[in-house]
Structure formats: structure tokens, C-alpha cells
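The letters A, B, C and D name the chains in turn, as written, and every chain counts its residues from 1.
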């Protein structure tokens, strides 16, 4: 079971999540942890610091008697985007913060961890404190995923394609799963976080739960694979404007795109957190932009699901045992769905984030939380698309049916893939 | 009555719409018609040519016996974005086409008009031809509006703020209308074009008509005025990050924004198609980006309506007689709503395009039309927001309740304003 | 004879120069005269206006009794870069000035011409007035050349490569001239304007005349030809970094350069002011950047001359009768040097501007003129290289041995070519 | 004495220079050594690696029997710009090379050092080897200076302005030196490296030595001070376009410049390698762009010296004992010249690099060295200006009268200052 699933014991959950961050950075040198390869990505050290900043700023500062920050300058250095907290070091210059060093950040982490455990012993039962703690832990899990995706991008800029960790031993490749279409009936369905089924915690953007009308549709039994996407490329997918959104075609032309991010050598090889690897045709395709996912769907005579369709399907079908392999397994690359009878969709969770066609927007009646933590989600609801399901670098137990991830359409550096849908 | 409302007699409708374009360009010199002040805007001459290209390419080429183009090079020069027709002259370089001259474009227009009338006499009754003709005429009306908004931007770049045409004599200013909130009840409502109420023609993006669930909400009785927006500015609206979307705040900072487009001198003066004018506090505010509209709504403790709410309200309330003043009245600047009893919203049509919070997306079951005209709408459904209602530079009769306009959130050069909504 | 050579009769000279500008614009439509294809280039209409602005601002405003400007707003609109006069309309937005129209600019020109003739009758003998008048006329001649080069660039952006004027009938092509090396002996030589030999007028940057030491060197008997440059391309000139300056190689890579500006189709065709034309191997190559000229020289085992070498050679050898064909001949494209005995260099003047290796810098003791006209030259002495000799679009009589033209190293849109030099 | 002055014993010289690089990096963490704050600047680790690459590539690869590189991938990773050696990792992405780590780079250094000492014992007397070794050592000294200037820029991006090393104890401030004008007589003078006076080594760009004519001029007895420059600022120096080159004024406007790099708080504080410090009015001003130096000179009614004037003055006057304080003293910030009798100029060496007005260009007869090392200097001779004299972060003994440094006019991150000259 996962540290944050169901109703966790807080001290233990806190310790587990924090330890996981430290473990993720263990294979990295101080130099590796300093890298920032684009404005949208942050150094591993910054992730380790910012998640600590969150607890110090939003919990200790509020609840700890006689609060004194570890270092007052960190309040600015490691504030991401909370205008309510104050100024921020510019995001594109996070890689220029050599001070504090990695060792100093770890020392800070240890000190905050001790103070947090003391706090939890005293105040852990308070509803306010508990809510903020759960938010902080889920926040840290998000940054665990970002640490890996940002690191992957940074290491990919090295011409030698160095590995983060060696490729673990893989089970023998199963026979690839055939794509089937699973019908979902029309009706009035509920969208959004449901306390009865979705665990104790959710982000504010997952609610309020509300009803909406869905039409009949069909959903693909598995995400598209590398072989599927290779067929799109072979069929001149990157050279046919009629397959693309207008912005997508501009993006293809401007970047002279011919393949997904991290592919090279005509699709024979790709970069992974385990270094360069041969492309496995049966594996689910990852690192697609929305433009690529959308063009692929059009080429396939299908379309992307809406987020309501996706969530409804996730609730409608029985969840397959062992669906997805999350980050905890140490394999940071998507595998393929296994062949076999499929009455429910495969790999809905924990393989690749699945682009939906839905713009990231507030649910009816949505109100951001009060105070600076209210900046967590709402202010990003523009020019982004919702992705669902979690990926192979998402911590196990972090996601649920109502979970909404979001990225701009050109983003590729997440493990983002595509599952098709179609009208009936 | 308007040329295209209801079921028009085609030859007369064609003549009327085409004559209107020529009339709009009549006050302009050849030099004025050459101006392109940004990649998103086109020269007036280009609009005159491109609308003619539409009829020559999509109607005459298909239906005219022994078709020969006026000039074969125009096929490329005046193709906007139809990949299905072939290559296009780069959009940002339309202002570099001194050849053909304005006089030659007018000659082309006259020749095509004569050929089109001949065609309509013979084939006008054919459903295909009729459908394309109505599309061409509505297309030309859209470009009539763009001709004015693009020209306005170009003339605003001249330090002397020259007028397109003089300000017409205005009626005495009525007492400003108070903002009231009009309740709209929840329910399952239809969204999208309805042949029974919306006239013969619609764009493909207005369908399919489909049901959806709406919650109770309230809509403002009139758009926000210049005085309303001035209060936002005075209250430091442009200096408070908590009022803005994250992208919006970036946009404010990068452009050092302090007022809407075309305002200067601390809000005392603005640029209009009638030259520089004092700001009229009672007039509906225009030239807001989505970011400004959204920030204004947040500041006002309200929100933007969804497009479904807007359309439903437009159908739910009785349309006010004489609602809006469209472009045909020769006043190219929004006025204010008149004071008085308001059981239905004022200025829903023909004053300012009203930003909704809805991303421009396909309706369930949407399929673009076959062939190159299918590129008209669908491929732009990304990173744009829907606006509703038409503006003071929209041709009368061009819009309807189901009409969907769309622009990226940073666009300001349309007559785009804001009407508030709120939850109950 | 040329209007400005030797000591001109001022009224006649003024009339001749001004009439030439009008004649150059006569083949152009109002639309053509509006085009601005890059920030560095100006619309033809702007050139016609700015040269008029020069006379109104620097002569009439100072000397005309009861001076009143034609239009007070023109002072800003048509000020190029004279901070001493006041603010300027941004250079990159000159193409957005549709007002005044071309017809209005011509009316302004005629009014100023009449006022200038009146002034010259009364004050023409005054030294101050005479000096400024000569400056104004030489200034207008420079803009005549820029009008043609800027127009050429603008027309080249039209996909149909329209002609400014038809190609005149050419004499039968002579046999191409063989390149020979002409020795020039070492010594102390004078550099800079010499009133005894160089006519009445010079720009301030041509002085003070001063001595310097030159070493023996050899100069090519003619500029490089298109065939010469084609050999460089064929020998992979654009693909060998060792031939290029570091900035030049960056420029090649960033622009994916493979041929000079205006060449296409593998060097079979080029754009000229007479429309598309086959490349004539015997003609002098034009439209090279400094980077290309420098790389070509290195490839040829030679180097560019210094400006001192160039000027000294121009004075040392007897000037060939009919050297060069200036703009007055109506052929706006370089020809080739004719075969035959060559004891003096061919085409030193009036064919292509010849890049020198000399940075544009002040001569020892240089002082800009007092007042705003002092901004004419001195403030541009940074990151530019000197070119010498005049081109086929330079007005006849405008240049002399001491004449210094200057452009940044990446500039290509002038008729800039290359004549080799080498050490002995 | 300095390691490389006069005719050094090679093994000892090698050891001394190499040890100095290691010592310079000793106060830095692995994170500090990873920073790259702009494309023009490199990480400290990269400097340590690249200088090692130089010896491995240009000496060991050629002379070492059975040569095998430490790591074959380093050939690309640490090649700066030598096209003759092969491809290069992109300069702007040097900060993304976390592998090899700093520790690995130091291991490489130690291994190469051992191999180099072995080589020198065997082959040190060979002329070829000796010449390349001296080049390699002088190259490393240049990178020692760059390591400090690049690091300074990187640390300045940290909002807390961290120190590289603490400020050493300073002697009591002497009375500031008054500026005097020192006359230098006209004549034919030699420019360039002279083996009799300038030591054994020189870069190829310092020759050939050649004569040229100089006119009488006067040189300032000391560089401009912070107080001098503050007077320029106070007199609206950054707001008066007439003081600036045209490109310089653009640079001021685009960057909203109001003070030199690293100044803040209205000139009360500046950033140094010793952290934030009060501005010392008597100290020589540093971190000026050429534009600022040139504008300052114009404001002062003077001009910048030419490089010939500078070098001639440096040879003409007797060199003052202890002139300048080079990097070896551990104070990485310029001091002021001491008051007292001045028959020769103060601080010509080892305080600030002094901008000259001379474009960086080849001397007559200049030929780059054969092979890849010929790319060291020649290919950069475009759009750069010469600076003379060395700075407080230049290794002692590294510079001489003929030494030519060069940077583009906008560069500020070197310790670049200004010494005035004027005509007589």
C-alpha cells in the first residue's frame, strides 16, 4: 500500500514521503542536482528545497511555537509562484543558485523533518494542520515526479545520454495487447472528487463534484504504443498539415519535428532515465505534445477523450489488478499492456499521462482555497489541457479517478501519451 | 433588414454584401489599404482580395463552365490558410504585396462579381452552390469586421492618430444604465445552432446542437463600462497579482500594462476609428484581452459566463428591440446602455464581443465540413477563448445566439469587452 | 557631366538632384512606395519625404524669413535619427505611415523646391547656406541609392519577383576580363579628402586628410565575378568553417546560407530591379555580406584590401575612361569588366561597393560638424566596415576616391561586392 | 617573479600555472563550479577541463608515445571553438554538463599533469613542443582570468550577492591621484611584439611588428575613477543621446541602463568577488562597456586612445615600479592610483583593461598559425574592440606592452575601464 492512500497515520506518512525524495536524489551528484535545462524545469536541488519550503512556510510558520526559519533568505529563493507569500527568485534562474549547496539543503530537510514530527505529535489531529500536511505531502509527491522528468530533460542535453540509474531487469516481454474498443453508455454522470471512493485527500481543482450529460462513446482498451506511433510517422504524419491543429502545424514547422521527444536515429533509439535504449514497439508511447496526440488521433480516425469521458470510464469499469507500474518499481519507462481478455481498459493508471481534449478550466462553483495556497491550481487555468491517469514516474497511490494534471499543448517533457476515443 | 437574414434572394444578397466591402474601403487611400501593423492583422487590400479569392476558388472554380482565373498567381497570394488549396503567401508578409495594386484588386472584384451573378442565375438553386455562397457571404462579412479592426490597429500606430472617418453626430447621451443581476434558472438546455430560430445559415462550429446541464446563475444586465473599468484601474487592478491568471500577470509585467489598448493619458483619451476621443465613462469598455476581462471579473467578485450560459441567456430572455448598434450605423465605437427598466439584458448583441470563460472546443459530435472549407474553424480549436454577441463593427444580421467568435487570450485589437456572471 | 561634380551652379544642381528623385519614383505605385520589408530599409515615400525634411529643417528653418513648416507633424515623422532635432518616429515603423499619402509628399516636395529656389536666389552665395545645400544634395543622392536598394529588397519579398523597370537593351556581352594583379609600391601616402582633386564637397568622415605608412601590396584588376563566386560555392565554400570568421560562420549556420542574397535555383537565376534574370557569370558579384566577401578572399588565398590601400590605389592608377556604369544609365545591375589590356584596375567606381577590411573609424583629428548635422556620420562608427567605389545604383558623380560608405558585416542588400588584394 | 616571465624552466612553469588554476577553484563548491549565467561565460569546471583538453589535444596527442585519451568523449565536450579539432558541445549549454563531475575533472587534471611532466622531461627542448607548451600555459592563464570574471557574473545573479572569498585586509587608502595629461610626441613608431623587450612568448595577433605614423597626443595619467564616473552619471550621462554612439544609445534604451554593471542603490554599493561592497570613489572604475567608456570620454571632452597610442605610451614612458596589482595578490577589485608626482602614467598594467577605440583587426602581414591552433585569434577579428593592460584578475606576468585583449562593445563582465586621451 501507498503512504498516502486512505487515511494515513500522519507522522509515518510524512516520514515515508520525505524519505522517498531523498532516495530519489541519492544516485545524483551535487552537479546533477544543479541542472536546469529550460525555464519550465527546475534543478533537483530546487525541488528538494522547495518542498521543504512548503512545510516551513505553510505549516511551521503558522503552527510552530517560537517559529524561526532555518535561513530567512530561503523564503524568497525557494518560493515558486506564491505571490501571497512574497517575491520569488526568477524561475528561469533557479539553476544559478549554487548557494545553498546540496548538502546544506539536505541539512535543512533534516531539521524541518524533526520540527515537523514534533509538530505532528502535538497538533497532528487539528483539521487545519492535517489538511495542510496532506497538501504538503501530495505537493511533494508531485515534485518527486517533476524531479524525474526535469532531470530526464537535463540529462538528455548531455551528448553522451548518461543514465540516472541503470535499467532494472525486466520480465520477459509479453505478447503485445491488441487494441479493442470498449463501449460506454450515455447518461448523466458525476464528475469530480467523491469522498466515498477517492480517498481522504484531493486538490481543490478536482471539485466540486457535479453532474453532466455524456453521450455514448467508445474508449480504446490501451494507450497507443510506439509501434502505433511509428505507423503514423511512416505514413507521413509529420508532413501532412491536414492532420494537425493550426498551432500544431506551426509547432511542427518551427521545430522541424519528425519524431517524439527523446527519439533519434529514425526511431530506433530513445533516451530514458536508464540511458539510451532501443525503442520497444509494444511499449506505450510517451513524451507526446498535445499537438502530436491530437494529430495521431485524427490520423487514426478517432479523437481524444474529454476529461469527463475519461473519468467516467475510470469509474465505470472495474479497475484491473496491478494496473500500471508507478514510480515505486524503479523502472522509469512505460511498458506495454499485456495481451489477454480485456473487458476493462488497460493501463488507465501509472503508465503515461493521457492527454484529453479538455481545456483545464474550473468546475462549476469552483473556488480556490483561501490564502496563498489558493494559488496552487486556479491561476493556471488558461491555455492548458487536462491529462489523466498518472505515469510510470508518478508515486504509487498519488493519483485517483478525479485527479487532474495539466500542461500547455506544446509540453513534451512529461510522460504524456494518448488513448483514443470515438463517437458511436 | 439585413442582407443575409432569413432566407435571402441570393443575387441581391451577394450584391449587397460585396458592395458593403467596397464602401468600407472607399474612405481609404491606396496607402491606407496597404498597411499591416502586426502579423495577426491584414491590410484592407488583402481583405478585399481574399474575400474575392474565396468566391473564385470555392465557387467559380468548381461551378463555372470553362473556368479561368483572373490571375493565376492570386491563388497563392490571397490564400489565407487553406492547406487543401495549396501554398500560401506568409501571413506576416501580406503588407509587402504592393502588386496587385488596390485598383487592380477592385477590377478583380468587379470581374468576379459579374461572373458570380451569371453563375447564380444558372446554378443558384443548387444546394451545394447555395451553401457555399452563403458561406462566402458570411465569410466576407467577417472580413468586413476584420478590415475595420485591423485598420484601427494600423492607424493607431501613426503618432497623429488619424481618423478613418469623422465621428458622426451622436444622440444626446442617455443616463447611464445601472448594472442589475438577472437570474437564470438551472436545467437541461440546448446549446448550438437551431434551424428553427437561428436563420438559414450557420458556421460548422455552431453545431451539432446538443443538450447540457446548467446550474442556476445570474448575468449582468449590461456589459462593463469605461467607468467600471476605470474603477478597477484606480483600485490598482494592474498592480495586484492576486487578481490575475498566472499567464495574465506575466502579460501585464512583460508589456508594462496599465490600461486597455488604445487608452492614453491616464484614461482621459482613447483612439477610435474616428480619431482621438475623450473616454466616455458610460460607454461599454472595449479592447480588453481575456486576461483583463478575467481580472476585472475577479476584482468585481464575479466571474465570466460560460458560453453555454451566455447562449442560454440570449435565448431565455426576450431580445430587446434595437439591441446593439451594428456596423451599419456608421458609428464604430461602442455606446452605453440606456437607463430604464431591465427585465432582459441590454447590449447582448452588436456592442462588444463578450469574453466567455469557455475554451474554444468542438461540440460533441462535431465534424468539420469535407474538403478545404473544412479548415474554416476546426483547426483553430486550441488556446483560444469563445466570445459572443457581435460588436459595433459587426455587420447587422451577421450574428445569432449560437454564433461563436474566438481569439487567443492576449488579443486586444477586437472590440472585446466583458459582461459579468455569478453563481447563485 | 554630373549635377554635383566640381563647383556647381546651385539652383540648377538643386533642381537636377530633386528631379532625379522624382523620376526614380515615377515607375512606382503608391502601394510600391509604401513598402518596408525590414527595419533597416525604408519606404520609397519615406525617402522622398525625409530628403525634403532635410532641406526644410536644416536650410529653410534657419535661413528662410518667416519660416513656417509645410506640416508641423512632419518634423517628427520624417526625422531619421537626429536627436538634436528632436524625437523620431520609430524606424521599424516607417512603413506604417500611410499619412501623408504619396501625392501629399510630392506636393510637399514641390512647395519646398519653390521655397528653396527663392532662398538660393537670395542667400545662395553665403558659405553656410552653400555648405548645407551641398550636404543636402549629397544626402539626397545617398537616399536615391537607398531608395533603389530598399525597393529591391521589398520587391524581392513578392513571390512573383516583380520588376521595378524592364531590363534595358544591353550591348553584346564582351569577352570576360581575366583577373590580373597590379602592384602598388610602399610608402607614406595621404588618406582622405583632398580639395585639389576631389571636388568641392565631401562628408566630414572623409577628413582630415592625413599621412600613413603603406606596405607593398597587389590589387586585383577587377572585382570578383559571379563565375568566381560560383567556384567558391562549388568548392563547398558555405560548408567549410575554416574559411569564415567566427561570427560569419554563425551567420551561415543560423541563416542556412548557401548562396548570395537574391540567388535561387542553384545559382541559375537571380532577382534584379529588372525582375528575375539568369545569372551572368562574367558580371561582378553583388549583394555579398562582409562575411561572404571575407570568406571568399580567404578561399582565394588572398585578402580584402584596407581602405587606405583601396584609396591609394584609386589615386595611384589613372582612372579608366568610362569606369563603371552608375545609376544614370538605367541599368540597375552590375555588368562585367571588359577584356583587354589592363594597366589600371577596372570598375573601381560605379559597379559594386567593395568591402574593405577596415572598420569604420574616425580619422585622426576627426571632429563631427557642430549641431544636429554632426550626427550624420560620427555616431555610426562602431561595428561597421568601410566600402569603397560606388555601385551601379549610385548617382554618377556622387563618389570620389575619398568616399567612405559603411555597413554592418551582415548587410547584403546593398550592391556590395569584393575586390581582392594580397601581400607581396 | 611570475611563472611565465622571461624564459621559463618549463616543468616548473607548467606546474605553477596548473597549480594556480586548482587553487582558484579551491574555495568553490561543486555547485559553484557548475554555474553558467550567460552564453558568453563558462562554468569554472569547464575552464578547468578545457585548459586540460588543450594540453591533451594539442601536446599529448601529438607528442606522447602510445597516446590514449583519458576519456574519448571529452574531445567534444571540452572543445571550445576549434573546428579543426572537430565538433563542439554548444557553448550556451556548457552549464548542462554535470558529467564529468568536478572531482572527475580534477582527476583528469592530475593524470594529464603527470603525463605532461613526463613529456617535458623527454621532449621539452623541442621547439615545436616548447612553443605549444607556452601557448598552453598562456591559454590557461587567460582562462584563470575568465574563471574569475565568469564566476563573478554567476554569483551576481544570486540575490544574496555571495562572496567568492572574503575581502582581504586593505592598506589604508592613499590620497586619490589627480588626473594629469602626459604628452607623447609624434613620429614613426613600432607597433607589435618585440622579442627584445617583450619576453619569449606572444600570441600571434601581437605581430608582425610594424611601423606606423603617430601624431602628437596626450594620455591621462591614470584611469577614470568611480568618482569620475559618478560625475558623468550625475550630469545625466545616461540620459543624453548626444554623448553616445548610435548603437550605444540603443543599448542604453533597450537595457534601461543607468549605471555600470554590478552597481546598485544609486552607486552606493557594488558587487565584487568579495561580496557587496561600498563604492570607493578613488578606485578605478571597472565593468564598463565600450559604449560607456566612449560616452564617458565624449562627456569629458576627450577620446579613447588608439591601441597604437596606448602601446607606444606604454613603451615610451618608464614603467612604474609595482604598477598595478594583478590577480596574485588576492584582491579581486581595482584600487585607486596613489597620489604623488607622475612623470609616467599610473596603473597602465594590472588594474583594469582599458578600452581603446581600435577595432580588433589583423596587423599588416598577419597570418594565423597553421593547424587548429590558428583558430585562436584570427577568426574573431570582427565587431570587437581592443583592450590593453590587464586587470586586477589577470595573472601577474601574463601581459606585456604588445598584449591585445578584445571584446564586443557591449561586453561588461570583464574588469574593463577607461583611460582618456586627447589630441594636442
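The working rule: a residue touches a chain if its C-beta (ideal position, glycine included) is under 8 Å from a C-beta of that chain, and two chains touch if they have at least 3 such contacts.
None of these values were measured; they are calculated from a predicted model.
Visitor: Strictly by the touch rule at the top, which chains does chain A share as contacts with chain B?
Guide: The shared contacts of chain A and chain B amount to nothing, since no chain touches both.
Visitor: Could you put a whole-Å number on the gap between the CA centroids of chain B and chain D?
Guide: Once rounded, the distance between the two centres reads 59 Å.
Visitor: Averaging over Cα atoms per chain, report the distance between chain A and chain D in Å.
Guide: Distance between chain centres: 47 Å.
Visitor: Distance-wise, how many Å sit between the C-alpha centres of chain C and chain D, to the nearest whole number?
Guide: Taking the average C-alpha coordinate of chain C and of chain D, the gap between them is 38 Å.
Visitor: Give the residues of chain B that touch two or more other chains, as numbers and ranges in rising order.
Guide: none
Visitor: What chain pairs are in touch here?
Guide: Listed in label order, the chain pairs in contact are A-B, A-D, B-C, C-D.
Visitor: List the residues on chain C that touch chain D in their complex, please.
Guide: So the residues of chain C touching chain D come out as 81, 83-84, 188, 210-213, 215, 241-242, 244-249, 290-291, 294, 357-359, 361-362, 364-365, 375, 379-383, 409, 423.
Visitor: Could you list, by residue number, the parts of chain C that touch chain B in their complex?
Guide: Touch list, chain C to chain B: 29-35, 37, 45, 73, 76-77, 89, 93, 95-99, 101-102, 154-155, 157-160, 162.
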